[in-house]
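Letters are used for the chains, namely A, B, C and D, taken in the order the chains are written, and counting of residues starts over at 1 for each.
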Amino acid sequence: MQGTRSLFVPGPTNVPEDVRKAIDVPMEDHRAPDLPAFTLPLFADLKKIFKTDTGRVFLFPASGTGGWEAAITNTLRPGDKVLASRFGQFSHLWIDLCQRHSLNVEIVDVDWGEGVPLDIYAERLKADKDHKIKAVLVTQNETATGVQSDVSGVRTALDDAGHPAMLYVDGVSSIASVDFRMDEWGVDLAVSGSQKGFMLPAGLAIMCASEKALEASKSAGLARCYFDFQDMIQTNDSGYFPYTPPMTLIRGLRCSVDRLLDEGLENVFARHHYLAEGVRKAADAWSLRLCAKEPKWYSDTVSAICLPDGYDSGELLARAYHRYGISLGAGLSKVAGRVFRIGHLGDMNEVMLLSALAGTEMALRDLGVPIVAGSGVAAAQEYYRGAANGYSDLLITRAAAE
Amino acid sequence: MQGTRSLFVPGPTNVPEDVRKAIDVPMEDHRAPDLPAFTLPLFADLKKIFKTDTGRVFLFPASGTGGWEAAITNTLRPGDKVLASRFGQFSHLWIDLCQRHSLNVEIVDVDWGEGVPLDIYAERLKADKDHKIKAVLVTQNETATGVQSDVSGVRTALDDAGHPAMLYVDGVSSIASVDFRMDEWGVDLAVSGSQKGFMLPAGLAIMCASEKALEASKSAGLARCYFDFQDMIQTNDSGYFPYTPPMTLIRGLRCSVDRLLDEGLENVFARHHYLAEGVRKAADAWSLRLCAKEPKWYSDTVSAICLPDGYDSGELLARAYHRYGISLGAGLSKVAGRVFRIGHLGDMNEVMLLSALAGTEMALRDLGVPIVAGSGVAAAQEYYRGAANGYSDLLITRAAAE
Amino acid sequence: MQGTRSLFVPGPTNVPEDVRKAIDVPMEDHRAPDLPAFTLPLFADLKKIFKTDTGRVFLFPASGTGGWEAAITNTLRPGDKVLASRFGQFSHLWIDLCQRHSLNVEIVDVDWGEGVPLDIYAERLKADKDHKIKAVLVTQNETATGVQSDVSGVRTALDDAGHPAMLYVDGVSSIASVDFRMDEWGVDLAVSGSQKGFMLPAGLAIMCASEKALEASKSAGLARCYFDFQDMIQTNDSGYFPYTPPMTLIRGLRCSVDRLLDEGLENVFARHHYLAEGVRKAADAWSLRLCAKEPKWYSDTVSAICLPDGYDSGELLARAYHRYGISLGAGLSKVAGRVFRIGHLGDMNEVMLLSALAGTEMALRDLGVPIVAGSGVAAAQEYYRGAANGYSDLLITRAAAE
Amino acid sequence: MQGTRSLFVPGPTNVPEDVRKAIDVPMEDHRAPDLPAFTLPLFADLKKIFKTDTGRVFLFPASGTGGWEAAITNTLRPGDKVLASRFGQFSHLWIDLCQRHSLNVEIVDVDWGEGVPLDIYAERLKADKDHKIKAVLVTQNETATGVQSDVSGVRTALDDAGHPAMLYVDGVSSIASVDFRMDEWGVDLAVSGSQKGFMLPAGLAIMCASEKALEASKSAGLARCYFDFQDMIQTNDSGYFPYTPPMTLIRGLRCSVDRLLDEGLENVFARHHYLAEGVRKAADAWSLRLCAKEPKWYSDTVSAICLPDGYDSGELLARAYHRYGISLGAGLSKVAGRVFRIGHLGDMNEVMLLSALAGTEMALRDLGVPIVAGSGVAAAQEYYRGAANGYSDLLITRAAAE
């Protein structure tokens, strides 16, 4: 096609030029004598992203799904009871993975559009007097529905119940984009992936384990070898890896971690909120509702937007892709055909998002969805311009300083 | 900055990914035995871009200014009379260059916002009974004002007057973007550059000379060596160059020529018209007038838009650049401060341009220019969606075929 | 450092320029409507690399170790008996992985420097009257010792014994470099990785399963989810993947498969033999013996060379790396300190290898190893020049045609 | 071809990875408000490369030939007398260029293989009592013959004669590789190019003018516009350019200047001498003589090596290129067919050069030139290993520190 195809799926996200260049390097010997001088500081800086002092970061050549598997196989035993909530395609798949690894999952189904039900979790944990539940699962950001859950609230529920279960968080589409606090929230296993907030191609599961989780991984968990924590620890300690690491992605990771720390994590989070708000203003102007039922569930990394009855989101996506060259996210599983998604995470700014909104508007109107041309764009523009939001102020200050 | 900075100046234009990759190659020996197998077909294909069978293409490591100099120094003698029209910064500079090379330029000044005055040219040519005028200069697209001139009309004027003067065209910001016909229009010297319609970085003057111009270059012209046609011809004939050629750009040129021919030149022109029309609809919706005074002068590669009195376009550009990360074109010389420019040439599509319009709207509103948020975007969107324009139909057909 | 650092480890191998560019692409939607038009032909062409009509190729975001795990967890049950031979670090690790997944491995230890003992395998298979052995493991190329084993001979042993066990081949450092014939040799599971003969960065396990293996994967194997064949099949059938695929590597794979098929697999194999022979001539000239005990074990992808007593290969590698900027392979485990390795696989030619030999010679002499300067280089040069070897003839013919 | 094609011509030289990446950037607005923050420090650092405090650096989108033209057209008048020596293709071409621009060149022809004849220059300058000679030309490194001349000696000759002529130096294949001292040697115009010691693609003439030369450029020189110093000065002073600059090369230049300054200019020069010495040892071992007649003429950036009678260097180059994938430099003009050249400048190290020598040896032997296989390689190896040379010591110290 002529001109750039624009990507607004909730991962993979756009890889910044400097990260692309950091990845595109000649091959190197992963046993070179000077490799540890590169890897050890990287592991140290990754801990800052997870906001942990005591945890340990792991890098597996895998997708986020591999990260889920690593989390449970290293720390749980066959038949262990796990508390989990299901409200979207990804929370569903993690539960499925647990079951295939012979865990006993206590599933709390809630409507797609809601997130982890803190009250039910609290209740179940209190009821579990003899601590059969070994792990509590939280999908911090359900990518399929654009729903964010309250991880810290789950920690409170565990603490209130005096429950020793470990806390596992799927942060694939949230960590490095929205706030996450490994230590403060007492998270035991956090799973992320390279292709979202870390602004890298897919291929790297980026995980963090608490001391408690590491302790659990020493005694027998589920069968595993590729994803074994102890093998990793043995070699990572000296700056190496137990098998050939994907060095190009790891070189890129150095650059993306630098970007995140240079921008400042709190600024990264503020930017994601700011960008997301603009998209939500646009949806509002279009009179289309989000899949997320209430503001408290709104995701700052992806908005799932519902089409009115009678319109097919698959058709919308095809139109946007083929006619206007923009990639939007599809509705998955239960919400297939009814929902389309705009990813607003990673290396993104307001002008890029406005082109997503402008392209989406054209496709919506081509389908006959009754929206006013330019209305969503205008709503977002006015929000982005506004001095009322803190992030805009920051940008104005920065611009003035240049 | 976070996210991509967007470029909407009228050159350099965005370089497509595949062209960037074609440029980014290891160095090579420019005297390698297999180089001619690469260069000779490239020269042949470049003739298609100029629409010439009989002309000859030259590639100089230079900017477009170097192309202007090559054109005149190879073919004219000190004191030769040249007819030229001045209506913008670039037509002005070409005249200045002629004067510095001791040509006698008969200047026709017209208002900035108009183009080559065919009637005056016709008159002057008819009046020049003893053919003192050796060359007639036409700036096909005045980049400073967004004005397109009628090259074919100048040919008619020459023919009607039975005048033997050579026809020189500055096509730097038009060739490979809007229609240009070397042979049919009887152009003797056409000058273009790599950084506009050819979608390459700056650094290559791309020229074409007619047989008549080549003949003129054999007898003494002005002093020259670096830009000498005959040195080029001697080595180009066998596929080489008289001095180290910028092979990375020339490798990239192969790719950009392939892109142009694959898209089809007529489609390239239609796309540029379609993109330009959208921008003009936006300007109209903003109630801002173009620098180009009448539709017949409208440029399909760049729109120069006038701000209302009391607003400074320099301030607008600074705002757009620092706060929203988009590069717009400045007003130059006579129109500095009053005009801003949106380049819509090269590897561009409607969604990219909508982001330019959206960003411009925010900056305009930040400055207090009384425009309605989203209005320009909406006007362009509706135009782009419309089946009324031929290019949109083509895109729809192509999308349906995928 | 100044100038290029040269890489001669047996993986990762040098990534050709065009493959690097194929990898370095903007992110894309892995659910895009036109993705299958890319992935399905790629899967088809990958079958040619494995020389299979009936097998099925899998691509997992993983290292080769992940491929080992995928192979056994999809097709075997806890406690299943597996016949395997151990003669180097990588055959050792595969056995270890099997044991951790609760397989019952019948280990045949042979000296490091030898390969799979066909006679013992034959004997054991014949003795296993009630077919307790479910799988026979073969490390086609033991990367640690530079030993190649005879996969086809193992097939013969199985057939001679009328034994139904499945045949598993670790072809990580052999497939796409030396001959491998999935169908003809009756291989059931072949494991390779991106970073060797496929000339890509690490991060992709490239596998092939026979119909028999696929059948076995339908009934319960070992616990697995990330590496599940059936999930892959369900989505791969329509050109997609069960989770975010590492599209950049897969785009690169398209390019590397094209390179392999364009060169012609038999030419690829001939080139690797030719390159390896030169290195062996050099070792001979240095009077250093290979770790591989006999010519029948010689690997065409990596040569492990023994240092005389009293010299430390670690020191040699450090010297080569820090002083001369070349990366050689270390001796691993049992042969640590005594062996160094030269990888001669992937995108390699004779002049590159001569620089490895020249650099190695300097480092050897710096350590005081009694070799004659230039002797190894000269021996390799004379071999490479020789018309006696078929590959050189091919190169001469090709050069003449240019 | 398979594996890397290696480049050993005396320019273009190999572009380091980081410089390639610095070049391969998205297009940018060359009138952006923050451009001067980039360009002004770059101009300042370029002065360090020329070793000047008082001179001024110019960057023209051109080859070195353009730099020659800029040097003379800005500072000389028609008919001005120029003293120049001719001893190779490039000194010849510069003289030719002067003549075409109507200068009166007093040519001192010496044998190809020698350099600027200091005694003759001294004599001519002394004889020129009324200072008709306005400029003295020195080709510091004659790339065609691998001959280095003594610029400082010419300054002495000028001073001894009390002659006010300006000193012009062609440093295209020497500056940034071997010592050059603008101020100390009183050079008035120095011309270099991007594609040699600056390790960039061709396309940028990099020049430096003394205050005296700048003063001369204010009063009328030869006709010029594209190469006009004053236009450059007016815009460069504020960090901009008079026409579209080749920003990609200029971005790359920032990186290459950083590399040069980080390595340290004296180390750069030492490295070039060290690399060159190895090649000369090899030529010696082959019993082939250099085109440069005496050690005082030896170039540290390129060695032109003579073949024995009866052998054709064109055939040698074709063999090296087609059969072994290495690019060597051809013999040009007077020495065509008799000489081949090995470029050893830019981003080069000893292992890379050893591959050039190894490949050359094979091609020489294929042609039947009576040399011993490995002999040149061995001679160079032993030199490079030797603690006797200072550069090797530096490398050993650096390696020990890692």
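Everything that follows uses one rule, which is that contacts are C-beta pairs under 8 Å (C-beta built on N, C-alpha and C of every residue); 3 or more make two chains touch, one makes a residue touch a chain.
Here's who's who by UniProt: A, B, C, D = Aminotransferase class V-fold PLP-dependent enzyme.
In this text, all values refer to a predicted model and were calculated from it rather than measured experimentally.
The chain pair with the larger count of C-beta pairs in contact, out of A-B and B-C, is A-B. Distance between Cα centroids is largest for the pairing of chain C with B.
Mean C-alpha positions place chain B and chain C at a centre distance of 53 Å. Inter-chain spacing, taken between the CA centroids of chain B and chain D, is 35 Å.
Centre-to-centre spacing of chain A and chain B amounts to 45 Å, using the average Cα coordinate of each chain.
Shared interface positions of chain C, i.e. residues touching 2 or more other chains, are given as 4, 14, 24, 26, 33, 322, 402. Residues of chain A touching chain C in their complex: 4-5, 7, 9, 11-15, 20, 23-24, 26-33, 61-66, 68-69, 96-97, 100-102, 193, 195, 201-203, 222-228, 242-249, 317-318, 321-322, 327, 329-330. Residue ranges of chain D in contact with chain C, taken from their complex: 1-4, 6, 14, 263, 271, 319, 322-326, 347-352, 354-355, 358-359, 361-362, 365-366, 372-375, 377-379, 381-382, 384-385, 395-396, 398-400, 402.
On the side of chain A, the complex with chain D involves touching residues 17, 21, 24-26, 33-34, 402.
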